Amino acid sequence: MIMSNTAAGDQPRIGVFVCYCGRNIASKVDVEKVRQFAEKLPNVVVSRTYKFMCSDPGQEMIQQDIKELKLNRIVVASCSPLLHEPTFRRTCAAAGLNPFYFQMANIREQVSWVTADTVAATRKASALVAAAVSRVACHTSLEKKRVPVHADVMVVGAGISGIHAALLLANAGKKVYLVEREPSIGGHMAQLDKTFPTLDCSACILTPKMSEVKNHPNITCWTLSEVEEVSGFAGNFKIKVRRNPRYIKQELCVACGQCVDVCVFKEGKVLDDFNVGLSKHKPIYMPFPQATPACVLIDPTACLKLSRGKCAQRCVEACDRKAIDFEQQVIHEEVEVGAVIIATGYQMFDARKTPEYGYGKYLNVYTMMEVERLVNAAGPTQGEVIMRDGKTPKTVGIIHCVGSRDKRHHPYCSSVCCMAALKTAHLVREHTGALVFNFYIDMRTPLKGYEEFYDRVLQEGVQFVRGRVAEVTDWAVTPAEDGKLVIRVEDTLIGVARRIPVDMVILATAMEAHHDAAELQRRFNISCSKEGWFLERHPKLAPVSTFSDGIFLAGVCQGPKDIPGSVAQAGAAAAEALMLVDKGFVEIEPNSAWIDDEVCSGCKTCVPLCPFHAITYNAQDHVSVINEALCKGCGTCVASCPSGAAQQKLFTDEQIHQEIKGVLNYV
Amino acid sequence: MSKPKAGFYWCASCGGCEESVVDLAEDLLPVVDAIDFVFFPLAMDFKRQDVEALADGEITVCFINGAIRSSEQLGMAELLRRKSKILIAYGSCAHQGGIPGLANLYDLESILETAFQQTPSTDNPGKTRPLPQITVAGGKLTLPTLDESVKSLDQVVEVDYYLPGCPPPVALLKAAVQAILSGNLPPRGTVLAPDKALCKECPRLDSKPDELLITQFKRPHEIEIDQQKCLLAQGLLCLGPATRSGCQAACIAGNMPCTGCLGPTSRTRDQGAAAMGALGSLIESTEEDQIASALENLPDPAGTFFRYSVPTSMMFRKHQNA
Amino acid sequence: MKYLYYPGCSLKGTGKAYDESMVAVFQKLGMDVEELQGWNCCGATSYMSIDETKAFALIARNLALAEQQNGGEPVHLISPCAACYLGLCKAQKYIAESEELKTIIVDSLGSVGLKYTGNVKVRHPLDIFVNDLGLDKIAKCVSHPLKGLKVASYYGCLIVRPYATFDDQYNPMTMDKLMVALGAEAVDWPLKTRCCGGTLTGTVEEAGLRLSYMLLKEAAKRGANLVATACPLCQFNLECYQSKMNHDYGDHVHLPVAFFSQVMGKAFGLDRRQIGLQRLMVPVETSPAMA
Amino acid sequence: MSKAIHLPLADNFEPRIVAFFCNWCTYTASDLAGISRMTYAPNTRVIRVMCSGRIEPQLLLAALREGADGVLIGGCHPGDCHYQAGNYKCLRRFKLLKKYLDQMGIEPQRVRLEWIAASEGDKVQKVTNEMTEQIRKLGPLKLTAIPKPPSHHQADQAPVCQGAVS
C-alpha cells in the first residue's frame, strides 16, 4: 500500500521529446524508434523528435505542446542533466508548468557516445526514456529555495593567478581575503628571470601587482597561512584559517635588514627555497628583495632562541623598532565568505625520480628552475651562470619532458616546458655563449608568438635533437668525452644513437600537483583528476567551476598552463565569483528531505546520520524533525528510516522505484 | 434476526493465534452472544462438509491463521474464502508467512531429509517417507502434499484485512471485532494495527540517546540487560523501529528485544530490508574490517531481520539457481 | 623466517666458487640455511624463449618444493644466480597475475603431488645480507678488513631489471655498501648494470667480447683492482676472455673478477679453498688484501 | 513495446544491470566516459541519486525483484563524499545486505559497490564491462515469482457487513 505522489485529480499528461543532437545521438540511437516506443508508454500524450531540442525552435515546440496539449509532465531525452536540465526546466517554467514536473533521460553521454551497437543503443535509450516517463508521473510541484549570500570572497594561493583574481575582485569593490602559505606572495612567477616569448623581466611586471595587493584597502592578505576547515555552502562559507607566527611584528618591520646582518650566524644556515636550494639563508631572513609583505621572518627550526631557547639575541638589540617577537603564537582566524577561488598552483617534479639523468649524482646537472635563479641578477650568482664546480659551461644540454609524457611518472604534457626550455636555451646562450642542445620528443609551441620564438632560437644557433634521452653518464669512451657529462640519445631524425658530451645538463622538469593537494581537495569538497589537478565542473563549458557551487579554480592547480593562461583563467574565476556574490542570493535545488510526523515513531535512527546536523528530536511529540535550511539533500536519512517516514524531494521512494521499473521495462 | 456467522481456521501455525481468542476473557462473552460460530476446529466439532454446505459468502467473517504450505491448507483457504464475506489474515503466519515461512530459506527436499532422516532422534534406516497416498485394507489413505514454498495467506487467496502479531494482541482483536460488528470498516487491505513503529509506544523511548551509534551487536545472553534502558542503546538488536506498534511493547516489557511480529508500517515495502537499512547505517565505523567485525554477531541476517516475513519479503524465498 | 637455498645449475658447474663461498658465508654469519631438496634447472633464459608456459612450470616446481620443504609455512628462497633469480621472480609475477596460467601451473604441479600457494618469497643474497642481517652485523664479522681493495661492484643486467625488487634500477648500491662494510673502497662505476654480452660471447663472440671489454676497461680506468659480480655468467665472461680481449683490442687488461660472496669470505678470514679462490683464472692474490 | 526493441533471444543472454550512481562522483564519471567516447557494454541502466547514502537495501532488492540480473552502486571514494560521509553509510548497509544476499543464494558478483571518482571515466568502463561479463557467465537471475491469488472481489470497496450486536 504505497502512497502515490501523484496528487489526486492530477492525471499525468506526459510529453516525450527525443533529441537527435545532430548526429551525436542519431548516429547510434534510432531516434524515431525511441519516439514510437515512448508513444506507447502509459500517460504519454505526445512523443516528438527534433534535431536540437535545446535550440530555440526545440524549446518552443515543447512550450507549445505544454499549452495546446495541456501537458503536465515533460520528459526530454537528450544529453546529461548535468548539462541541460536547467535549460529545459526554464523551458517548462516559461510555459507556465512547474519546472520540477520535468525529467531528463541521458541518451547521449550514457548511450550514444558509449555504445558500439546501434540496436543495443536504441534499446538502452528506450529503457532510459521509459524510466523517465514512469518517474515523472509521480513528480510533484516544488519551489527553489533562495538563500542570501555573503558578499566577501576568499582567494587561496597568492601566485600570479591568486593575485590577479584578488585584485579584480577588490577593484570591483569586494572584500577579499588572500591566503598564502609562503612568507611572501608572488608564487613561482617571482622566481622567474624572464618570461617567454617576450623576454620581459618577470619581476618587473609582477612586483607592481604585488604592491598593489599590499596597499589595496579591500584586500586582507595573510601570508604564512593555510586554510584549516571549511563549512557551509555556496554563498555562505565559514572558513577557518591558521596563521603561523612570523616572530616579527609585521606592522613594525621596515625590512631594513639590520637584524639579519647581526644574527649570531655569520653564514647562511638553511637552504633557501626561493633560490631552489642554490643558496642558504640565516634563521632570520628576508625571503627575497621584493618580498611582500616587505618583512623579515624567523625560521623557528633554525633559530637558536626558538629551537634551543638560548641565544645572544643580537637581532633584538639591532631592531630599534622592537619588531622582533619570539612570543608570537599561531592565530586561528574564522571568516565568512560567499565564494572561494582556489589558486594554489603547483610544485616541480623531483628530478631525483629520474636517476638515469644523474640529478643529485653529477654536480653539473641542474633543473630549469635552478637555472632561472642562476641567470637572475638577484640570484645566488648575481646572474652569472657559474656551475657547482665553479666553471662556466661551454656546452649545455637541455633535456625536455623530465617527469612528463612519461608513463612511469606523469603521462600528461606539462605544456609550458618546451617554451621554457627555449627561453632557457636563449638565456644560457646569452649569458655564456655556450653551444646549447635541446633534446625533445616533440616541440610544442602553439600559442601567440611562440612558434616565432622557436624560430628565433633556432636562428640563434641552438641545436635541436629529437629523441628521448636514455641517460646522462660520466662514462667517457673517447678522449673528447673525458671529464664531460655524456648525453646518450637516439636521434630519431637521423636514426642514429648519439653520445653528446656537455659541461652542463639542464632538466626541464614537469609541473605537478602539490603533494598535499588531496588535503585541500577534501577540505573544500571538490574533485581531483587522476594526476592530482583539481577537477573543473565541465572541461569545456565550466572550466573554472567545480562540483561544489561557489568554489572556483584559477591557474595551474587546475592543470599545467603558462602565465597568460593562468591570468586569463584567474579573470574568469573572478567573474564567476563576482556573479555569485553580487546577485545577493543563491537558489538551492529543492531536494531536501522531510519527515512525515504522521508516520514517524521517533526512533531517532536518522538523527546521528545527518552529516549536517539538520535533524533534531522533538521530545514533546516524539518525532524527529528536519531543519530544511540545513538539509543539503543527500538522502541518507531517507535510506535509513525504518518506517518510511523520511522522504526526499525529487528522490522519493516512489520516484526511484518507478525509475527502477522503467529501466527494466525494455524487455 | 440471524446473527452474523464467524469462522476460525488454522493452517501452518503453532495454534497460539486461536488461543489468543480466549485471551479476550470476559470480553469474549458478548462476542459469543453476538455471533454464531459456524467453524472453529479448536473449540467446536465442525467438519469440512459443514462448511461446504454453507452458501457462498454466508460466513460474515472468517479468521484464518497460519501460513500456507500444504494442499489441504490451500484447499481450506480457498473454500473459506468462497464462503466468507470478510476474510481476515489472523496473526503473523497468515499475514507474512511467520515462523513457518522461515522454511523458505531451504528447499523442500532438504527439509524432509532433515525431518525424516537427519535429526538425532530419528531412527529411520529404511529412509521411509510419508506417501501422498497408500492403499490399505479397507481403502485408500491420502496425505496432503507439500508445496516447494511457504506462502502467506494473501498469496493464495484475496484477503480483506490483516490482524498481525504472534499472537495478535488482544486489544487489536477486540477493536477488529467491534469494527466488524458495527460495520464501520476501513478500506479493504488495511492492516488492523497502528501505522506507527513500536518506538512510539515503547516505555523506554526516552532512554534512547538522540545520537545512537552501534559498535558491536550483542545477543541477549551476552549481557545483563538493563530493565529501563532502550535495548538498542544496550547493543541488542531490537526491531521496534521497523515494526508496527499495537502490542504495547509486550516483549520489551519482558526485557526482550522486539523481533518484528507485527510486520512493517504501510510505507515500507520490505520490513527486513528496511530494518537492515536502518540498523546497518548505525554501525559506528568507516573501516571495512571494523564494519565486518561489528556484524560478526549477526550470523543470520535472514532469520533475524525476516523472522516473520520471508515469504512476503522481496526475495520471497532462497534463490534456487537454475 | 626460514631460509632455503636454491643454487641452480651454474653454481654446481662453472660457478662452483659462488656456491662454495655463499655456503661458507652463510655459516660464518650463523644463518640456518638448508639447500632446497630435489631442485631442478630454472630453464635459464633459453627455455623461456621456447615455451613460456612449460618454462614457468619448470620454475614453479622449485617454488612448490620450497613450500613443501617448509610444511606450507611462509619461506624465503635464496637464489644467488642472477638468471635463476630473475626466472623465479618472473614466474611468480606471471602466475600471480594470470588466473589462466595459474590454473595450468597448479594442475601440472598437482599431477606430481605438489602445491604452490605463493607462500614463498624469492630473495637475492645481496638483499638478505644488507636488508635482513644489516651492514652492522656484516661489519662485525670482518676479521681482515680489505684495506686498499678498490671494488667495481657489478650487478649485471638481470638482478635489477626488469624488476627492481630490492635496489635502484639505474644505480643499485647494495653491493657497493656491502663492499664498504668489508673495509674495501667502492669505485664509482657507471656500468654496474650494463650487459656483459651474456650468451652472445658463445655465439657472436665479437659482439659479446666488446661488451665485456668495455666494462673491464672502464673499471680499470676508474682505478678498480677487483670486479665483484653476482652472476656466474658475468663472472665467466669477464674473467675467462681477458687474454683474448687483450689480443683482439691490443690492450693489457688484467683485472681479477670474483663473486661478491668470495670477497665477503676473504674479509671474514675464511680459508681460500673454502671460498673457492683457487678456482679463479685471473689470480685474485694480486689485489690488495686478497692475498 | 515498439517493434524496434528486440527481445534478447534466450540463447544470447544479455545481463540487465541497474546502476545507482551518485550525482557528484560516479554519475559525473559516467558522463566523462561519454565525453571521452569510451565504448562499454550497454547492459547497465543508470539511476542518478544525489548520494550513495540514499541507496537502501529496499531499492537494491526491488531492482532484483523487478528483473535485474545485477545491481551496481557507484559512490565517491572514501573521504571524498560530497556530503562528507554518505558513502560510508552506504558501505555499512551494503556489508550487512551482502551477508543477507549470501544467505539467500544470490551470487556475490551480482551485487557490487564501487568507489568511482568524477575523473575515473575509465573505471566506469572497466567495472561495467567486468560486471557484465561476470553476470553473463552466471546467467539470468530467475527469482521465484511471488504468488498472486486469483481475484475474488469485483468492486474494490470495503465489504458490507450485515447484522449487528443484538
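Lettered A, B, C and D in written order, each chain numbered from 1.
Basically, a contact is a pair of C-beta atoms (placed from the backbone, for glycine too) under 8 Å apart; a residue touches a chain by one contact, two chains touch by 3 or more.
Keep in mind that this is a model prediction, so the values were computed, not measured.
**Q** Determine which of the two chain pairs, A-B or A-C, is joined by the larger number of C-beta pairs in contact.
**A** A-B
**Q** What is the distance in Å between the mean C-alpha positions of chain A and chain B?
**A** The answer is 58 Å.
**Q** If you average the Cα atoms of chain A and of chain C to get two centres, how far apart are those centres in Å?
**A** Here the centre of chain C sits 49 Å away from the centre of chain A.
**Q** Can you check how far apart chain A and chain D are, centre to centre, with Cα atoms defining each centre and the answer in Å?
**A** Their C-alpha centroids are separated by 33 Å.
**Q** In whole angstrom, how far does the Cα centroid of chain B sit from the Cα centroid of chain D?
**A** Going by mean C-alpha positions, chain B sits 29 Å from chain D.
**Q** Using the touch rule from the top of the page, what residues of chain B touch 2 or more other chains?
**A** Residues 268-269, 274, 277, 279, 281-282 of chain B touch two or more partner chains.
**Q** What residues in chain D touch two or more of the other chains?
**A** Each of 56, 58, 62, 85, 89, 93 in chain D touches at least two other chains.
**Q** Among all residues of chain C, which ones touch two or more of the remaining chains?
**A** none
**Q** Determine which chains touch and list them pairwise.
**A** Here the touching chain pairs work out to A-B, A-C, A-D, B-D.
**Q** Which of the residues in chain A come into contact with chain B in the complex?
**A** Counting only chain A, the residues touching chain B are 1-3, 598-605, 607-609, 616-617, 619, 622, 636, 639-645, 653, 657.
**Q** Would you tell me which residues of chain D are touching chain A in their complex?
**A** So the residues of chain D in touch with chain A come to 1-2, 4-8, 16, 18, 23-25, 27-28, 30-31, 33-35, 37-40, 42, 45-51, 53-56, 58-59, 62-63, 66-68, 79-80, 82-86, 89-90, 93, 117-120, 125.
**Q** Which chain C residues qualify as touching chain A in the complex?
**A** 168-171, 190-191, 214, 218
**Q** Which residues of chain A touch chain C in their complex?
**A** Touch list, chain A to chain C: 355-356, 361, 471, 473-475, 477.
**Q** If you look only at chain A, which of its residues touch chain D in the complex?
**A** Where chain A meets chain D, its residues are 30, 33-34, 36-37, 40, 80-83, 106, 108-111, 113-117, 119-124, 126-128, 131, 521-522, 525, 527-530, 535, 539, 547-548, 591, 609, 611-612, 632-636, 638-640, 648, 651, 653, 656-657, 659-661, 663-664, 666-667.
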